[in-house]
Structure formats: C-alpha cells, structure tokens
Amino acid sequence: MIRSLYFLPGNSIQKDLPPEKFPELIQNPQGVLWVDFISEPPETSLPILQGFKFHPLAIDDALQETHVPRLDDWGNYLYIVFNYMVVKKDGEGWESYVDELDIFLGQNYIVTHHDERITAIEETWISCDRDPRTLREGADHLLYKIADFLITEYMPIVEKIDDAIDQIEDQLFERPSPRTLEQLFALKRVLLAMRRIVLPQREVMNKLARDDFQVVDPKDRIFFRDLYDHLVRLHDLNESLRDLVGGVLDTYLSVVNNRMNEIMKTLTVITVLFMPLTFVTGFFGMNFFEPLGLMKGWTSNPAFDIVLAITILLPFGMYLWMRRRTWV
Amino acid sequence: MIRSLYFLPGNSIQKDLPPEKFPELIQNPQGVLWVDFISEPPETSLPILQGFKFHPLAIDDALQETHVPRLDDWGNYLYIVFNYMVVKKDGEGWESYVDELDIFLGQNYIVTHHDERITAIEETWISCDRDPRTLREGADHLLYKIADFLITEYMPIVEKIDDAIDQIEDQLFERPSPRTLEQLFALKRVLLAMRRIVLPQREVMNKLARDDFQVVDPKDRIFFRDLYDHLVRLHDLNESLRDLVGGVLDTYLSVVNNRMNEIMKTLTVITVLFMPLTFVTGFFGMNFFEPLGLMKGWTSNPAFDIVLAITILLPFGMYLWMRRRTWV
Amino acid sequence: MIRSLYFLPGNSIQKDLPPEKFPELIQNPQGVLWVDFISEPPETSLPILQGFKFHPLAIDDALQETHVPRLDDWGNYLYIVFNYMVVKKDGEGWESYVDELDIFLGQNYIVTHHDERITAIEETWISCDRDPRTLREGADHLLYKIADFLITEYMPIVEKIDDAIDQIEDQLFERPSPRTLEQLFALKRVLLAMRRIVLPQREVMNKLARDDFQVVDPKDRIFFRDLYDHLVRLHDLNESLRDLVGGVLDTYLSVVNNRMNEIMKTLTVITVLFMPLTFVTGFFGMNFFEPLGLMKGWTSNPAFDIVLAITILLPFGMYLWMRRRTWV
Amino acid sequence: MIRSLYFLPGNSIQKDLPPEKFPELIQNPQGVLWVDFISEPPETSLPILQGFKFHPLAIDDALQETHVPRLDDWGNYLYIVFNYMVVKKDGEGWESYVDELDIFLGQNYIVTHHDERITAIEETWISCDRDPRTLREGADHLLYKIADFLITEYMPIVEKIDDAIDQIEDQLFERPSPRTLEQLFALKRVLLAMRRIVLPQREVMNKLARDDFQVVDPKDRIFFRDLYDHLVRLHDLNESLRDLVGGVLDTYLSVVNNRMNEIMKTLTVITVLFMPLTFVTGFFGMNFFEPLGLMKGWTSNPAFDIVLAITILLPFGMYLWMRRRTWV
Amino acid sequence: MIRSLYFLPGNSIQKDLPPEKFPELIQNPQGVLWVDFISEPPETSLPILQGFKFHPLAIDDALQETHVPRLDDWGNYLYIVFNYMVVKKDGEGWESYVDELDIFLGQNYIVTHHDERITAIEETWISCDRDPRTLREGADHLLYKIADFLITEYMPIVEKIDDAIDQIEDQLFERPSPRTLEQLFALKRVLLAMRRIVLPQREVMNKLARDDFQVVDPKDRIFFRDLYDHLVRLHDLNESLRDLVGGVLDTYLSVVNNRMNEIMKTLTVITVLFMPLTFVTGFFGMNFFEPLGLMKGWTSNPAFDIVLAITILLPFGMYLWMRRRTWV
C-alpha cells in the first residue's frame, strides 16, 4: 500500500496524491511530502522511488534486503535504515523478531518503506493528519518524530523483561524446573537481539546529532542528540538486564546443583547405612547355621543379642561418622 | 520540597527565598544561589526550572528519567547527572539500589534535583549554612563539595564488602552452604552495579578536570582532577574486590566439588566392599544347601571356614586395591 | 589451464590469445585483457606473470602460499587476495574448506589465479563472453563483478546453516544425542571459519571503497562500498548464527543435564525405597528364627503383621518425605 | 622517623639536618637533598611537606591514602606513587600485600614517604652514604636508582612462583589433593595482584621516559626507558606464569575428573556384576524351595549346576559386554 | 665462540678477524662486517661490544637478560631482539622453549649474539661464505636473510601441530583417554607460547617496513614488509590451530561426558531392574514362611506362580517405562 501526505504552508493537507506528481511536488522547497510504502511489492515501489532520482544501489537496499541500522549520505538525501523489534510473550516462552524500516530523507520530503504496519509510523501519521504543524517543522523533524516513537516502544519491552526476571527469581528457590532455564535462555536471546539493533541505531543517532548533513537543520540536531541519549540509556538498561539474567542463571545452576548434591548424599547415606546391615543379615541367613547343622553356637541366644546390637549400633555409629564429616 | 540559599558577599545568607525571585537573583554575578529540590513533583518543579531558562530537553531529563552519570554542556550552564548508591546489609543478604542526582550548574547558581534526601547534599547544605565561606568560592566549588561528599560515601561500602568477603572466606572450609553462594552472588551484583556507575562518573570528573567550561573556574579544575583520581582508585578497588569474590567463588565450587567427590567415593567404597560379600552370603543362603538336601558337603565345617576367610580377606584385598589407586 | 579474453572497443572479443602477446596488449589503454589461471603449475605461470612486470614478491605470494584476504598497492597495479569457502553438508556432518583467489588488477587488465574452478569466476567469464559490455566498463568493474558473485555465494551457505540450526533445535527436546553435539560443534567451526575470512575481506572492500588507487575509477568506488555493506551484513548474520548455535548448545547441555539428574533421582529413589526393605526381609531371613529354634516369638503371626505393615508403610513414608523435598 | 641527606659538590655529605633548614637548602640549585619519611605520623610530616610548598592536594594524597602507581606533574616538582609488593611463602600458602611509596621529585631534592622500611630505599640510602657520586648525578638519577632497586625485587618473586608451579605440576598426577587447588588459587591471586601494580607502574616509567618534565634531565630519560622495558618484560613473564597456572588448573581438574570417572565406573561395574547374581541367589533362597516343600525339582542337582553356571558365566558375559563398550 | 666475516667489494671474504680490528674495519663504509657470538661468556663479549661504541644499556640487554622481540633505534645503529622457538615432540608429549637472538645492525656491520647454535644463523653464514653476493647487498639485507630463515622455521612446527591435532581427532571417538587431554593441553601451551613471540616479532617487522631508519635502505623495506605478511599469516594460522584445539577439547569433554552418562544410566537401569526383585525374593526368604510355620499359604504353588510372574513382568514393565523416557 502506498499513501502520501503533502503540506504546503497556507494550504490544508493533501492526502494520497498520485505517485506521478511526487517528482513535481518536491521541486517546491516550501512544501513537505511524506510517502509511506506498506508491504508494497518491489515491482510497484521501484518506479516511484526512481522518480525521486535515488541511486539504484540505495533503492536496491531498500527494496530487497534487510540490514542493520545504518545511515548513508547521498548528498541531497539520506538513506537511513532503522530496525524495530516486536517481542511477544507467548505463554511461558518469548517470541521476538526484528524488522526493518527504510527511510529516504530529502530537504522537503521523507519516504518510508516497510513490510508491515509499524506503530511508530501509524502514530506519527495520525498526529500529522490531526495537526499540520508537525509538518511545518520540516522533513527532518518528521524523521525525529518517527525515531522518537520507535525508540519509546522499547521501554515497555524492557519493563516486561524486567518483570519476567523478577518472577523467575522468586520461584527459583521453591521449585527450579527445566522450564525456568528455557525461559532464561529465551530472555537472554531477546536481550541479545535487542542489543544488536540498539548499538548501530545509537550510531545512526550520533551521526545525525554530530555530522553536518545538507538535509538536517543544524538546530534540530539537539533532538537527535536527545534520542542518542535515550539509546545510550537503553543500551545500559539492556546490559543491566543481561547481568541480571546471568545472575539468575548462576543462581539456578547452583540451586539445581545443590539439589543434586542433596540427592547423591541421600543415596550415599542410605547405602552406607544399609549395605553393611544387609551383609550381616545375609551372613546369618546362610545355611551353615541350620538348626540341625553343625554350628549351633552361631545361632544361639547370645549371638542373636550381639547381632541385634550390631544392627542398632552400626547405623548409629555411621551416622555419627557422617555427622562429623558434616554430611548430615 | 524546595529550599534555597542565597549569598551575596557582605550580606548574611538568605534562606528559602520565593521561587519567583530566582530569575532576578541570578542576574547579579556577585551572588551565589543554591536551589535544592527534594522529591518535588514535576508539576511544581517545571515552572521554576523554566524560570532559569534551561533547555526543555534538559528539564525533561532532570524531571522524568533516570540516567547514567553524564555531563551536557549547554554553554552558560552545565547539566550534570550523578548517581549515588545505597547499600544495605539485610541479614545475610545485600540490598542495593542506585538513584540519580540532577544538577544544573550556572556561573553563579547551582540547582540540585533528587527524589530523596541524600547525605552528601545534606552535609554540604549544613556546612554552607554554618560557614558562608563555602559559598564565597563560587557555584563550581559547591559542585565540588557535593561531589566530594558523594564519592567519599563509597568508601564505607567498599570496606563493608571487603569485610563480608573475609568472613565468607573464613567459614568456607568449615561448612560450605548454598547460602554462602547466594551471598557471593549478591556481593558480585553489588560490585557490578557500583562499577557501572563509577565508570561514567569518572568520565564526568575527567571532563570537568580537562575541558574548558564557561561556568567552571580553570583554577578549580585541580579539585575535580583529585575527585577523578579518587574514582580511579575506587574503580581499582572494585576490580580487586570482584577478583576476590571470583576467587572465593572458585574456592567454594572446588570445596563443594571435593565434598561431592568424597561422598561418591564413600558410596563406591561401601558398595565395592559389601556387594561381593552379599553375593557370597546369598549364595550359601540358597535352599540347595538344606541340611536335609543333597549337597551337604557345601555346608560342612571346612566350607564354612573358607567362606569366613573370604568374608574377611575379600574386603581387605579390596581395600589394598583401592589404596593403590589412592582412593582411600 | 590458462585462458584469456581480450576486448578492444569496436572489435569483437578475442579468446585464448598466446601468452607472449599479453605484454604487448596491455600497452593499449583502450583494451581490456583478462587472463585466468586455473590450477596451473607455478613453472608455467611464473614467466607469464613476469611478463606483466609484477614484483617478484607479489608473484611469489600468488604462486606459492595461501593468505588471508588482503590488498597490496603496487602503484600501477593492485595485488588482491580473496578467499572463498566451500561448505558441503555430508550426511549429518559438515565439511568446509577455504581456498584462495589471487588477483592482479591493472589499469586495463585483470589477472586471476586459483587452484580450482570457482563458480564466481566461471559466471563472470560466461557473462563477459555473452555480453562484451561487461568488459567495456573497465578492469576494475570486472573485479567488482567477480567479488559480487563471490560474496553472493555466501548467502545460501548462511541459509543452509540457519535451517540446520532450526532442525536441531526442534529435535533437541525429544531425543538429545551425542550426534547433536557433534553437529553443533561442526556448525560452530564452519561459522568461525567463515568469520575469519569475512572480516579481512570486508577490510579489502573498505580499502577499495575509500582509498585512492591509480587503477580504480573513483566513480566505481560506490560499488565496492555496496559490497562492503554486504559483508558487514554477512558478518552480522554470522554473529547472530553463532549466538544461535551458542544458545542451542546451552539448551542441549541443560537438557542432557536434566535427563542425567532425572536418572540419578530415579536411582536414589529406588535405592531409598528398597534398601531398608531388603534389610528388613534379610533380618527375618536369619537362621535365628528357625521354626525349631529358640526364638519362635519373632516369627509369630503378629510379628508378621508388623513386618507386612512396615514393608507397606515405609516406602509410603519415604515417598512422602521425598515429595516434600520436591524430588518426585 | 625522618632522616635526610644533603650533598653540596665539594663538601662532604651532611646527614639528618633539622627539618627547618630544608626550605633554605633547596634554594641552592647546586646541592641535592633527600628527605625520607618512614612510618612518620601525618601530624609531624605535614608541616615539613608544607615547607616544600607542595600543593595541599598532593600532600593529602601522600599522607592519607593508598593509590595505584601514578605520576602527577606539578610544574617544578613531580608527585609520584610507586607500589611495592611483599610476597611471603607461608607453609603451603602464599601471603602477599601491596604498599605504597610516595615520592616528591624536585629539581634538586627528592622526598620519599612510606609506612615501613623498604629494601629498595635502604639500599639506595646506603649506596648514597657510601659513595656521594650517586648524589652528584642529581635528584632524578636518585629516583632512577630507587625505582631500579624496586623493580629488581620483583624477579626473585617471579622465580619463586615459577618454582612453585613446577613443583605442583610434578605432584599433580601422583596424588591430586584439594590443597593443590588452594595453592593454585593463591598463586593466581598473587600474580593478579602483581599484574595490577606492574601495569600502571609501567605507565609511570613510560611517562618519565617520553614526556618532557622540568625536573627530569632529558639525557636521563634513557634510564627510565630501560626500567620501562624491564616492566614490559615483567608483565610478559607475569602473563606467561598466569597461563601456566591456568594450564595446571585445567590439568588438575581433568585429573580429578578422570579419577571421579574411574570411581563411578568401578561402582557401576561392581553393581552390574553382582546385582543380578544377588537376585539369583535370593531367588533360590525363597522358602518355596524348602526341602519339605512342594517344589523339590527346583533344588535338585541339575538345577544347582545351572545356577552355578549362571553365577560363573553371567559376570563373564557382563565383562565382555563392558569390554566392548571400552569401560574396562 | 666469536666468529667474523668481512667483505670488501673487489676483495675475497676474510674470516675470523681479530676483534681488535673491528672498530677500524667499520670505519670503511664500503665493507660489510658480520660478527657472531655463540654462547660466549659476558666477560669476553663485553669489551668487543664496547669497541663498537654501543650504549651500555643496550649491551646490558644483549648480554644479560631475555626479552620479548623488540627494536630500539639508537640512531646510527639498531638494537633488535628476535626470539626463536624450539619445539620437540617427545613421545606423546611436547617440549618447547623460547630463546633469544640479539642483533646490532649498523650501516655496514651486523653483530649477532645468541646462547646456542641457531639454524637460521648457520644457514645464512654458510650462504654468505659460499656466495659473497649476499654480503654485497649490505648489512640490512643480511638482517633480512637471517629473519627470513628464522620465520621460515615456524612453518614445519605449525604443520607438525596440525598433524597432531588431526591424529587426536581421529582417535577421539574410539577410546578417549586422559592422555588425549594431556596432549591437547601441551599443544595449547605450545601454540600460546608461539603466539606470544609471533605478535611482537610482527611489530618489529612492521617497524622495519614502515619507519625511516638511518641504517635500513628504504628500497629494502619491501622485504621486511614481506616478512611482516608472513608473520601475519603465521599468527592467523596459530589462531586457527588454537580454535581447532579448542574444538577438539570441547569434543573430548562431550565424548567423555557422554560415556559417563552412559555408565550412570547403566548403573541406574540395573539397580532399577534388580532392587525390587531382590526385595521380593528377600520377602519370601523370611522365616515366617517356614514349611513347618504357620503361614503355609504364602508358600503354596499359586503364590509361587504369582512371584514368578512378578519376577518376569516387573523388569519388563520397568523396561517399557524407561524406554518411554528414552533412557534405553
């Protein structure tokens, strides 16, 4: 789907203009044009983008491939790639995927191209529609708006993850289960994926805040600087969360290990207590000591008292020995 | 709560001036004004901060979000974020959290904004109140004072952690328990959190000591250099402590592992000693050797002597074999 | 095998010219010459390369040794080393090896030297043969073509590996086997090998895109920049895949560990349930309690009822105890 | 304790001058003054140091706190912090601590301040006392002397550690004990502590060798360069030793693990051999097969032969099966 | 042993000249002098080196200590330290040590000093002896020759290690033994040691290839550049080999772990199968069921049939349960 917004100061906003008029519209430095491609096939996008006279390589990048966030300066326009992340909590598991938003930013126009509806784009679109002043600030301010919405959306994800870690930590000592581990690995994966797009996105913002671009008004740089700071903080939060996940993982492993040790200890204690006794009972179960046999003395009353004493005292002695070794 | 101090050389200190007068007061380059916001809601803080003509983005940062330590140069004022850490030893566990202190430093005023009472701020306030000379040195010296108190407070924390590590190390070899591990993880977390705020705080101090700011007197840079050195040392101590915790963790794991090996060894030794004997006694317990049965020879006196010899010599032989393998 | 292509604008393409004519042909700045050595022994390659007046050290490098990707600027020609990777899925295992493509790039000629047929070279050769326009763009554009084909070939490898990881992940929870681990290690090795050649290859592209070489047309740099971006993305994908493999490895280990714990738990539960019972039965199997013996009371009916109660209640009690410890 | 040396060319050395005369003495650019504070309380040190007109912050650093090695340039004097390490082999364990040596280096004086007697200082003192020529070279050469002695003292420590590692390695395969591990951890700790002071010390030397200081004669820089190289080498040795310790640790863990595996294998082999046999003997020990019972056939001679065959062949078969699995 | 070569164009080579003549010979810029010290004691080396007017610190470094590879520029001569590595395969183990070759390179002379005969030196010496042209190229070319031989010698070591890894990998799955581990650790150690000398050696070559030294002919830099590339490749190979060793280690550990799991599984299966049966047989072995006792019903024929059924069906059921859990 292709949609467009055109604003000329003094006029009301025009919507969904025919693509053929775009090249003509951008000749007027007063107006601001926003063209938005949503899951539009390359065949129909290509000629329109060519109408803007973008470099074939840049168009190729926008239409065909996925990239990490980056910024290419082509002189009278910028080609920018942003990534956005969708994180869904699916039962106990976590699903996340990363997709791409391609932006061409000119002096008086912005072209956005993406494969599915993005909340950040929708919200900016609606706010432009509602209040044309947003457009009056120029195309670069529109870029700021979009990027701002995009970055703001990370916060709830970060908070959801934070909550999830807290929850896991609470139930860790009660009943550690393999599912806990799976959840932790899933969280780790989400955080790693987020880190991989936050870092280059930060660099893009840094460039927009620092470098001198033909299409970015120097007085707007402070806004990109602010977004840069947001991303610095986001990266920092991400690091903290990864540390937390790492800590919970360590704790999980130590809890599981302790339980395992407990179990092996119990196995050993039981074996140590009963194996010798089983031998003793087995010994007196041998047919040498038959009532009609030759060794009646072995099954006499005093012998039984000794055996009985052994079966009672041996475990007791063993227990003391194990206690001294702090096993029990 | 909002409170303020105003000092004009020759006059005595004025306290708790009405916020409306702040913009007028800071016009006089001779005076020094300190405004302190303590857990003041954004609604009331905002207009006062706007009275200072701070950039909206800077005010936003101060009022709404938490940041890592940083310094923004806005020309005729600096926006500085410091972090402080509160560490409480709660029974066996450790609780720690990090909060933020926002500072606006102008030529002749300082504005501090924080969510709860901070010891460093209180102590500076009291010393200003008691001795106006502190204010005579200018607003940047006041910043130094606050930062100095803030950094000094890390030392007792570091020492408490050091003591805790020592204590754990002592009881490690006696009776290692899962709680030891939990405590170590908690200490590690605290140290990691401290490291994350000391590092950027150090960078802020470095900037104050090196860069040329309009509102910092060049001859005061040496003081910030000193604080920078304190933070370098603190970072170094932190690294040492983390190494120590790492070492204690390694030792703990090896102690636990050794105990586990001991336990498994005992299990094996007992099994190896008694299983064959149990078989022997079981063998002669079979009903083939009934007194009235056919195989009386098997339960004759010499046979018993042999079996008795086996039950005594077999464990002995096993013991020697295990000794040669250095198991026992 | 040595083969050659020569294109002089206005003439048709000449093929397989005698090597003696090469030095003469490259005198004409209009023409474009491509000489391709395929698994040609050094003895025959050497004099031909010397005919181009390449530096002996550069010829040595091309003929005798394998290198990591790199670019040497020798003024009027460049010596470039590319690596290509062949990955074969061999049953469950993965075979991969890396080989080298040496390229001499002059103003109007390109010399390629490799030990076996490379798809990228073949495809460029065929497209040159079919459409002489490719040659018209100059020798540096030919280099771009070859590098483009070379880099494009990594994508299917990356996808195959991605599929393999998915497949392993699916069967992980059902029946983890040592072969899974072997496969994961093999994948890791392939990814590591790929990383090692992608990184320096990227640097070569960066140089071609940034630096000012006598033999590279400045307007062609944008193409090498594009290849550079491809390699950046490839490197990024490689990192993601390695993270994925790492995650699957962690999961595998935790699954195996859980199964092991399950097994040990079962061992312990069975031992704990039956060892005491075996002792009890052994006790009453001793020959003290012979029907004709002295202690008839021990084998009376009420005693039996007690023993029966023990054999039923003991395991039940044990089970409750273990349940409280969340073992079962 | 405060002691001092003063040398004026042409005069003999003067010792233990009254502190009041120091400020006057250092006015004469010809003389060289060395003042040494040994575990002198701050109260008495302070006024003397103030007499030299050192900056209050520098004096503070010298008197109150411990630092990592560093160098501060205060124009007409340098403030230098060196660390020295004391390593004691205490039975099987290793004790080490790090202390600080503060130095003020002026054009014609050197002030050293430390908490306990340091061999390096003593030796330099004695050699100055014995041979005044050492003083004739100037205060910066005296600094070189002290640093040289200080650095030379690391070598025996390194060698002692090297020997200790060798010794541990030798006894590793015979009888690995938990104490081995403790010793290794102790060595690792010592090496880590040494590394932490060698690295910044190296940087101090680098500065003295490279930078242009008012109080260091350019022609003496070559000596500090030499000390820098010593520290580079020391750092390198430290790395090697840490690698060695790491290797021995790996070996230890694998040796212990192998022994554990051996033990578990024995446990399993014994259980696998005897458990089935115990069942067989138990089976024929049941009272169904009483001589007066109903199933006499089960205890007949041929049955016994079969049971006897089983008790002999079963272990044998098991052994072959385990052999095929390369367990025994 | 001291030996020397002197070549003056037009004259034949002179050998083993008296050391007293060296200072005089190097006055003639036409000639080339090579002095080689082989395990010569410092007492005799010192005066000769002093004759060349080398700086005392440089002489000290050459005579007394071992260093990492490095290059010192002393203006009219260079002091260079190379390291060489001797690796011996000693049975299953690997022995390696690193020694030092000190070189002084002047405009028209080279002085080499080492503790034992080095193949690289011998080969250069012989080739000089045989063909005086080598000397005609100047002293810096001689340095190149020696360094070239030195670096070439690493290749066979690398190949030997490669073969060893292959061999280990092959026998890994058949019969993993602790010796395999020892061998892997030894290989790792050798590779680490090699890495530690290749890296700084590379830097020395880089300096010789890039920097402007008085005693190195600029047109010879290309040769040192070539050696630099060799070392880059060597470092790369080293990294690959270390990755391989790491991979084999991981595989070894997983193979051993799998075997261990197998063993524990067997232990558990056997215990699970036979413990309940042993209880059953023990139960009916109790003397309650004496033929003359009171509970004849328990030893009647139908009871026996049930017990028989249990002893057959119980293991069968257990087996099915374990199969469902994919244990067997």
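So that you can tell them apart, the chains are marked A, B, C, D and E in the order they are listed, and the count of residues begins at 1 in each.
The criterion applied here is as follows: contacts are C-beta pairs under 8 Å (C-beta built on N, C-alpha and C of every residue); 3 or more make two chains touch, one makes a residue touch a chain.
Note that the coordinates shown come from a computational prediction; the quantities given were computed from them, not determined experimentally.
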Any chain that touches chain C and chain B: A
Cα superposition of chain C on its sequence copy chain D - rotation in ° rounded to nearest 5: 145
Centre-of-Cα separation between chain D and chain B, whole angstrom: 25
Chain A and chain E: spacing of chain centres that average the CA atoms, whole Å: 41
Chain D: positions in contact with at least two other chains: 264, 267, 271, 275, 278, 282, 285-287, 290-292
Going from chain C towards chain E, every chain in order around the ring: C, E, D, B, A
Chain C-facing residues of chain A, complex: 55, 57, 61, 65-68, 70, 174-175, 178, 181-182, 185, 188-189, 192-193, 196, 256, 259-260, 262-264, 266-267, 270-271, 274-275, 277-278, 281-282, 284-287, 289-292, 298-301, 303-304, 307, 311
Chain D-facing residues of chain B, complex: 222-223, 226, 229, 232-233, 236, 239-240, 243, 247, 250-251, 254-255, 257-258, 261, 264-265, 267-268, 271-272, 275-276, 278-279, 282-283, 285-288, 290-295, 325-327
